[in-house]
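Both complexes shown next keep subunit A, but they swap its partner, so subunit B is in the first and subunit C is in the second.
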Partner chain A sequence: MYVIIVYDIKVERVNKVKGFLRKHLYWIQNSVFEGEVTKSELEEIKTGLLDIINKKDDSVIIYRFRTDDAFTRKVLGVEKAPINGIL
Partner chain B sequence: MYVIIVYDIKVERVNKVKGFLRKHLYWIQNSVFEGEVTKSELEEIKTGLLDIINKKDDSVIIYRFRTDDAFTRKVLGVEKAPINGIL
Partner chain C sequence: MKKNYYLMSDGMLKRRENTVYFVNKDGKKPIPINKIYSIYAYGSLTFSSQAIHLLAKEGIPVHFFNYYGYYDGSFYPREKLLSGDLIINQAEHYLDHEKRIFIAKKFVEGAAKNMEKVLKYYHLENQISTILPELDGCNIITEVMNVEGRIRADYYRKMNEILPENFNFDKRVKRPPENMINALISFGNSMVYSTVLSEIYNTQLNPTISYLHEPSERRFSLALDLSEIFKPILVDRLIFYLVNKRMLSEDDFEKDLNYCLLNDRGRKIFIKEYDERLKKTIKHRELNRKVSYKRLIRLESYKLIKHLLGSKEYKPFVMWW
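Let's look at the complex of A and B:
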């Protein structure tokens, strides 16, 4: 399956979240990651994030799709990570 | 169609972007909006954003779907905007 993860994390934990997500997904924009994952990888990601974040202060949204055919992506302005070239 | 818009905008323009997107979509998280739009509304949103942002500094990603059935949304931590209650 394919996931888009967006987060709003307090500054003291944001690098830890970024470092963790980089192991599993592609960095797309300041606080956005994307990528293809298996079901068990997704569980690993959720568990890992819950270990890092403070549930009262931080917020992570995981959008899940069957495949990346489910959407189109259009960038206005700076294309920070050239994912179209990677995938 | 349904859109998710995520942005990374310099602080001096971020409130203008937020105010503009609020007119068309639901605020979901710090820099994430979502909502159902028509094709012409989406064009209006793109044009409006391009008027506000600095294309060399700012970045906006528009994910477009046929409907919101295309994905599931899971929130870890703070659920900032109770969109499930709204829609």
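Let's look at the complex of A and C:
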């Protein structure tokens, strides 16, 4: 499945969340990650995030799509981080 | 979905935040470690041992290619899938002449039939089906190789009829390739070779024990064996596609070197399309589900394992479309 994760985290933890998500997903913009994951990887991501965040202060939203064909994506302005396998 | 990463520019591979960063003149680019299947390094790559530690831990092979796009070698992480039983069987099938030649013939048969399919697609008459039965009479490996060589010669002659005139070539020449088509074949074959190696890494097979090619030292020759079957499917068809659709032209080769080498732009085009092709799926007849071309290579390794363990006789993969 394809997921988009957006978050709003207190400054002291924000880098931890970013660093953690970097292992699994593509960084798109500040506080936005996306990418293809398996069911089990999503569970891994969820438990990982719950370990880091403070449930009272922080907020993470996960959007799930069946595949990346299920939505269209349009970037206005600068594409900050193109997802590309050829570097 | 894990994918292949192709590092075309010069740069450095670093470990940071428990993932790898590719740093080049354009800046830093993080690559999610869980999304890497294998890495193909074409530019000059510097990496820290920390990065290698991480790649080894995650079992990600790195394939290195030199300045000219030739395969140099691979960083092959410690094998995680081990099976002493299978290795013994693998070696036994090599040592027993009958058994070895059986598998070697199968590889040639698979390769030849796939070549035939490629030509058939373009409605070209060929000699392959008349040469192929000669395999039955072969008792030594060099004879098998010989049959394969003749099939290939016939095949390459026919290729000219598919290619536009400015891309024509006389024969297959290696080290160095003399013209554009030879350059493309060499480049493509080295990619298939490393793709196959990545797949073998993910099975219990030992990549150094081979059957058609002599298992010489310093080479993963089983990858050469299995590549034979997939070269016509992955490389040759891709070349026809790229050339006939005019996606590659003379400008994509190094002129100074007599067109024997793809330049940066050409390489990028080739690799992009090659990667697309690996991801492309077909409906598998036996499994009755969609399977990508890359997966087909893995399935081929599994079939070989089954043969070696004696549970099912190996039949090479032949395109049916």
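Brief remarks on what is shown
The rule we apply is simple: the second predicted complex is superposed on the first by the 83 of 87 C-alpha atoms of A that agree within 3 Å, B and C clash if a C-alpha of one lies under 4 Å from a C-alpha of the other, contacts with A are read in each partner's own complex, and residues count from 1 in each chain.
In this section, a contact is a pair of C-beta atoms (placed from the backbone, for glycine too) under 8 Å apart; a residue touches a chain by one contact, two chains touch by 3 or more.
Worth saying up front: this structure is predicted, and the values here are computed from it rather than measured.
Contact with subunit C, but none with subunit B, is seen for A:Glu41 once the two complexes are overlaid on the shared chain. In the superposed model, B is the one of subunit B and subunit C that contacts more residues of subunit A.
When the two structures are aligned on the shared chain, A:Lys23 is found in touch with subunit C, with no touch to subunit B.
Applying the stated contact rule after C-alpha superposition, one finds that A:Val11 touches neither subunit B nor subunit C. Subunit B meets subunit A in the complex at residues 4, 6-8, 28-32, 46, 49-50, 53-65, 70-80. By the touch criterion stated above, subunit A contacts subunit C in their complex at residues 18-20, 22-27, 35-36, 41, 81, 85-87.
For subunit C in complex with subunit A, the touching residues are 1, 3-9, 11, 17-19, 22, 24, 29-30, 32-35, 268, 271-272, 275.
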